[in-house]
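Got a structure for you, written out below as structure tokens; questions coming shortly.
Residue numbering begins at 1 within each chain, and the chains themselves are lettered A, B, C, D and E in the order written.
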Amino acid sequence: MSGSAEALVELDGVRKEYGDVTAVDGIDFTIRRGEFFSLVGPSGCGKTTTLRMISGFERPTAGTVQLNGADAADVPPNERDTNLVFQHLSLFPHMTVGENVEYGLKKSGVDADARTEKSKEYLSLVDLDGYYERKPNELSGGQQQRVALARALVNEPNVLLFDEPLSSLDRKLRKQMQVELRQIHEQVDGSFFYVTHDQEVAMTLSDRMAVLNEGRVEQVGPPEEIYREPASPFVADFIGDTNLVNGTVNDGTVRVGGDDGFAVDDGADADGDVTVSIRPEDIDVVETDWDFAGEVVDRYFQGDQTQYVVEPAGEGLGELTVVMQGRQTPVEQGETGHFRVQSDAAVVFDE
Amino acid sequence: MSGSAEALVELDGVRKEYGDVTAVDGIDFTIRRGEFFSLVGPSGCGKTTTLRMISGFERPTAGTVQLNGADAADVPPNERDTNLVFQHLSLFPHMTVGENVEYGLKKSGVDADARTEKSKEYLSLVDLDGYYERKPNELSGGQQQRVALARALVNEPNVLLFDEPLSSLDRKLRKQMQVELRQIHEQVDGSFFYVTHDQEVAMTLSDRMAVLNEGRVEQVGPPEEIYREPASPFVADFIGDTNLVNGTVNDGTVRVGGDDGFAVDDGADADGDVTVSIRPEDIDVVETDWDFAGEVVDRYFQGDQTQYVVEPAGEGLGELTVVMQGRQTPVEQGETGHFRVQSDAAVVFDE
Amino acid sequence: IGGGGGGGGGNTINILTWEEYAGLKDEIESNLDVTVEFTKSTSSSKMFSSWQAGKDSQYDIAVPNNNYVPKMMEADLVAPVPEDTVGNYDALYDQFHQFADQQFTSGGDLYGVPVRFGWYGYSYNSENVPDHEESYAALFEPEYTGTDLSGSLIMYDNHFKAMSAAALYLGYGDAFSGDKVTLSQSQIDDVKQTMVEQKDILQGYIAADPSYIKSFKQGNFELGQSGRNEIVEMWTNGTDWPKMATPKEGSLAWFESAVVSKKSENKDLAWQVVNQFIAPKLGAKLAQAGYSPSCNPNTQEHLTSEQNDMYGAIKPSRLEDMIPFKSVENEDAWLSAWEEIKSA
Amino acid sequence: MSSETSSRSLRQQLLGAFETRRSRLSVTLGPSVVWLVLLLLAPIMFMVTVSFLQVNDAYQIIWGSPTLSNYGALFAGDGPFWETAFFQSLILSYKLAAVTTVLCLVGAFPLAYLLATRGGRTFKVVIFLVLLPFFTMYLVRAYSWYLMFGPHGVINSTLLKLGVVSSPVALFGYGQLAIVVGLVHAYFPYMLLSLYASLDGIDFSLVEAARDLGGSRIDALKDVVVPLTLPGIISGGLFVFVPSLGAFITPKFLGQGKVQMIGQLIELRITSQYAIDYGSAASMFIVISIVVAFLLAFRYVSVEDLGGI
Amino acid sequence: MSTAALSPSTRERALKYGLYGTAALTMVFLWTPLLVMGVLSFAENASTIFPFQGFTLANYTATLADDGLLRSVSVSVQIATISAVIATVLGVLAAFGLARFDFPFKEGYRTFAILPMVIPGIVLGIALLIFFRTVVGLGTSYLTVILTHSVYGLPFVLLPVTARLYSFDRSLEEAARDLGSDRLETFREVTLPIIAPSVAAGFLFAWIRSFEDFIRVYFVKGSFDVLTTAMFSMIKYGSAPKMNAISTLIVFAIAVVLAVAMNAGNVSGYVAGNEDDE
């Protein structure tokens, strides 16, 4: 528990029930000093609840939340060394930008001059010099976003918590704020804990991420690991696009698509029926040695890549999605092409 | 004006001013029978205004809107053969799904039995059998979306107009609805006119699209044409991601990046300063024959592709974005790589 | 603030009465060692009901119309008159002594002191209404005066005044002769019937004096039930076309009578104040303020002859024709009849 | 030092007051519940009780022998009960209140619709011009109509002056028309604001949706706007109808005594006789009317919808 | 048939002007009597415009010289202020209870709390009159008027404040807590300032309702006069000149207050119960 692997936040068997509803169903993970950690999952999976338990607005029904190695059960939110950036920003509408940013400092007894200086420093970090005297409603959405960030950052918390702060912004702005968030993270000391249902954002930003499904953690790890080696069909499907197909294992060989199908060379422990995940970009168009042939029934041009919906010739496989980057147009819509799955590309899940 | 190229909607020099604000600044385009036509542009560029002039809720300040070859200036919305799917759906909250879908039929005097039959048919088309008696607020977002679609479709309008109907849905649902919209378009007769600020959606769905900027049409054409041969830097930047760099033309050769730069082999008519657009996916990592070398200063993992921010070695070029598909990880963050721009990939704009 | 400080303290006397009395404040205070506080009231019934509701401990004096004095006596709210203290009582017109004996005396004690009086009949615009034999018939028969007055007639918006006029018109004068007004149920029904029919020709019912004047001057009606003091006020202010009629059936007279609360802690001082109300000089001033004569004829010495013509000197013979306000025997029946008239 | 500790403990106490559910509720709701029970529920219940008791000549309540005679008295007369003053006044009050409500609705709807659909600079001015009469004393407004009406009031005298008529028009004298006009003027803002609140909550793209689907303007109004503003219409109706039913000042000034609404009847009995038994019984009919009106309203709207004003 | 002959755009325009026309008529209806009254307050002949006999300020001089009337204005102001303060305290507390906590019979309480506003004044007035006299043994007085008006004003505070609290984004309070405030500081520094406009609006409503009330005060006031009862006798006893003048002065005073209030905050929003977050 020292050095870069020091655990700032540690969740241990944390559950939260609201009456009959189990919002969080026993989860464990650790946020380490300095890391950008994301929690992703579909709507209603318990992300906000988890975050609120870390920040102290909810008490776990069971399990412990440790902050800096100590059980935080009895520490109220105002005494926790965490700060939150809210989904709807929650800037105080009756205070100026400056007053908003200084609020936390004031509460911790910093004197007026020091407050002003520090808040201006952080406003400048988020590129808002000169907005000190404005009211929040005089700012654009992106600017408000940055004030919310500065208001939390200025307290230099050990852990900065984010609850989907970008979801209300439009695409261009979201991309831009995403980049800025990463850059700011590199400039400050604290850990970032970022909650979102947008797997793209989470993958782009995080050092590590946890995938939550119906109150349970399905997988924790760096984005690439999660994308390449999903622990469950749910993770495979939720993180990125994938083709989930049924397969059978026979003597360590996995075949998909029944009799007309093909083998995917991934050894499997179990015997019997399995689910196989194949990413669209891992399927290539080939001239020889193909795994399957199929008609392109739909083609969606997406600019930097083109998506093909392929109906394989045999019976055993449903439609498969294939993605080609750039200007390649190896098969036209309505034509039949030949496809091969890259080696090591298939991930096999026991049923 | 016959066959597949018949113009159902024709805008001719259409302007719209609200007081001092010019929302639409003289635009012309044509929607042909049976096509899926999109209008894209950033927020506030006049998309909704254009759509409202076609549907009859606004009168053009100048220019004409022709429907089926006749000037529609004096035709009120209820007498136009167009139907709208609204951004916020605008389902009648006090009516059942069935009543919503039948509303238009009722107004055109279809008798009750025929109405029920037809509305059920269309509800089934949008995969909502059995929801006839529900109230809209008892449906999920995606289901409401489909009701709105059915309500417009059931009238079998010549032109179905959409005002960003998918923007309020979450990513998974949006993708799914996108596919369904395309499929439905194939099943029915009318033309679809689709307004959005989401260039991805527009590219994926459209047969042709128009790019609007500050009330003016910048380009009209099929998505691939617009993506590959953008008519202006604005279009290049708005449709897809791109690197816009400064260049100079000398004797028909375009060079970017000054002295340390390189030539992009695209002949240009003009002499002097130009802007060059290079798509991130058109830059490859190569071992030999590179155009430029640069350090990878940032790397954003996105699952099916990875984005690299490259800082070229010389002075003349700013940061460039490069995208690699799939598992390729040719250069690590912090390392220097060598890059080549694919031939024909650069698009040159006169200043 | 507000409500006054109760009837207890020092030599302050709290008085609930009509607006005009307040003009006597300075003189009373200079004549007696007293502070008087006037609270304006706009009707006898309110004076009565507020005392009934407990205000009797807050006020020392009230000056309701004569018909309310027996009610207050019944409700045991008032104290007997010490005749020695109210020295001016003896000077009052005889007629008022009689009235007081009839109405305000119980167990040999007198409970009220008449202060000023007036009478009701009707008045008309002499420019448009010809002279005629003066009778209440003018109020009930549109053509009676020789010109059609449909829609130009006005009655008092008060059940006692209005219904009494109808009763007198119907010839039930006898009912007004005893201690109380005693209309039989069938007489009340006739009154009701008559008034319901009269409603068609009425322009409306009117609240009280000043609005009568305002409306009369505005030309809203030509002939209406009214008190003499209103007409005197109009004359005084230079409007000479109204004419006051004295109906042959008899005029209804009212007189205000001062009472002192049983709960007053300063009864004697209070009666001294009452005595001032009917003192010659102050009585004359009150008469001037209200355009109504004082019950004390000696007030005439302090008025001009013109004033005496209008409201100072009243011939005792005229007093004899007057029918004083009285309590009515079966007030519920009157009220129900009145309500039915109003909602017909 | 000591002030420090005492202020701290005050703070703790204040914080403590919100610790438990029970203390939170009693601190927030307690005072108003006490107030409402003592000054609304208790008096009304007492009034109900009094309506079943008699009052003696000394105006004392006679306890101990409940009776229906007050109610009997309301409907007792020579003729059938529908000829009694009480019944006649009651019916008249319902009639005038209903007409007032309908007129308010008809008059307020277009204005509320414009306010809800058109924004901008004029909006603030119009809202100001609408609100000002709303905030102006009720009595002043009733009085201003008292000046307007009357055989020689402003309306008639103006008509005479302009030569439109040669003698005063009876219609513009005092009476039922004047009362209705006065009541409409008095309670109009309640209707307007209720409708406005409700119209303002409407997504007007629904109107466009109806138009787009082939509905005319009228269709859009009928099929979309009216059903969706129903809560506003109902609560506005309630806020106009109920007080109109019990109106006193307006009929008093504008009826010139010839028209008697229920409020005047009760007032007359109370002030001239202190007949609280009769008055209580008569008031019960207003109370019951309110209860019925609320129950009817709650079939279409929820309590929150009544929060318009 | 004839409408069918009109071109669609003409029909549209006719509808539009119809709408504006009705709205304009409504405004005329709302304002004419008040304007006429204003004109009459400067007229020699105070009760009707024709025959017009000239302008005068005498009515105002007389009004401002009427001590009784001025005293009644001051009494009204005091009563309105005290009762509105009580109503505001009770109403704000109750609004928190309603908006923030669940409890049994919540809807019942809500309905009950709106009642003082809708119950006709004559009923409330008489019920309280009987109650104060008979049960409490309290003579009618200044105090009874204040009690009556404080309960009458309660819903006028409760409604806007509750509405505001419902639309209040509670994450603002959490933000304050997160940044280091305890509950009390959070209330004082965040909640209260943000709901303050609605509290002010509620106070204003309660104040005005008390100030303008006649019928309730008429029954429970005892024998002193407030402005409305003074006005009532003025009208009943025909003092039109003073009545015109004092009424015009009041309309003017309220116009000024309202204009200031509307510039300061979203009054119309509070009146209509749909105020936006500012």
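Just so it is clear, contacts are C-beta pairs under 8 Å (C-beta built on N, C-alpha and C of every residue); 3 or more make two chains touch, one makes a residue touch a chain.
It should be emphasised that the depicted structure is a prediction, and the values quoted were computed from it without experimental measurement.
Between chain C and chain D, the least number of touching-chain steps is 1. Chains that touch both chain B and chain E are the following: A, D. Distance from the centre of chain A peaks at C, each centre being the average of the chain's Cα atoms. Of all chain pairs, the one joined by the greatest number of contacting C-beta pairs is D-E.
Distance between chain A and chain C, defined via averaged C-alpha coordinates, is recorded as 92 Å.
In whole angstrom, the spacing between the mean C-alpha positions of chain A and chain B is 27.
Distance between chain C and chain E, defined via averaged C-alpha coordinates, is recorded as 39 Å. Multi-chain contact residues, meaning those touching two or more other chains, occur in chain C at positions 53, 207, 215, 218.
Shared interface positions of chain D, defined as residues touching 2 or more other chains, are 152, 270.
Annotation for chain B: residues 76, 79 touch two or more other chains.
Those residues of chain E lying in contact with chain A across their complex are 169, 171-172, 174-182, 185, 190, 193-194, 277-278.
Here chain D touches chain E in the complex through residues 11, 14-15, 18, 21, 24-25, 27-29, 31-33, 35-36, 39-44, 46-47, 50, 61, 107-108, 110-111, 113-114, 124, 126-141, 143-148, 152-154, 157-158, 160-161, 184-185, 188, 193, 196-197, 200-201, 217, 238-239, 242-243, 245-249, 253, 263, 266-267, 270, 276, 279-280, 283, 286-287, 290, 294, 302-304, 306-309, going by the rule given at the top. For chain B in complex with chain A, the residues that touch the partner chain are 42-43, 170-172, 179, 182, 197-200, 203-204, 223-224, 227-228, 239-241, 279-282, 298, 300-305, 323, 325-327, 342.
Every residue of chain D that touches chain B in the complex is listed here, in rising order: 203, 205-206, 208-216, 219, 223-224, 227-228. The touching residues of chain B, counted against chain D in their complex, run 55, 57, 76-79, 82-84, 86-88, 90-94, 103-104, 107-108, 151-152, 155.
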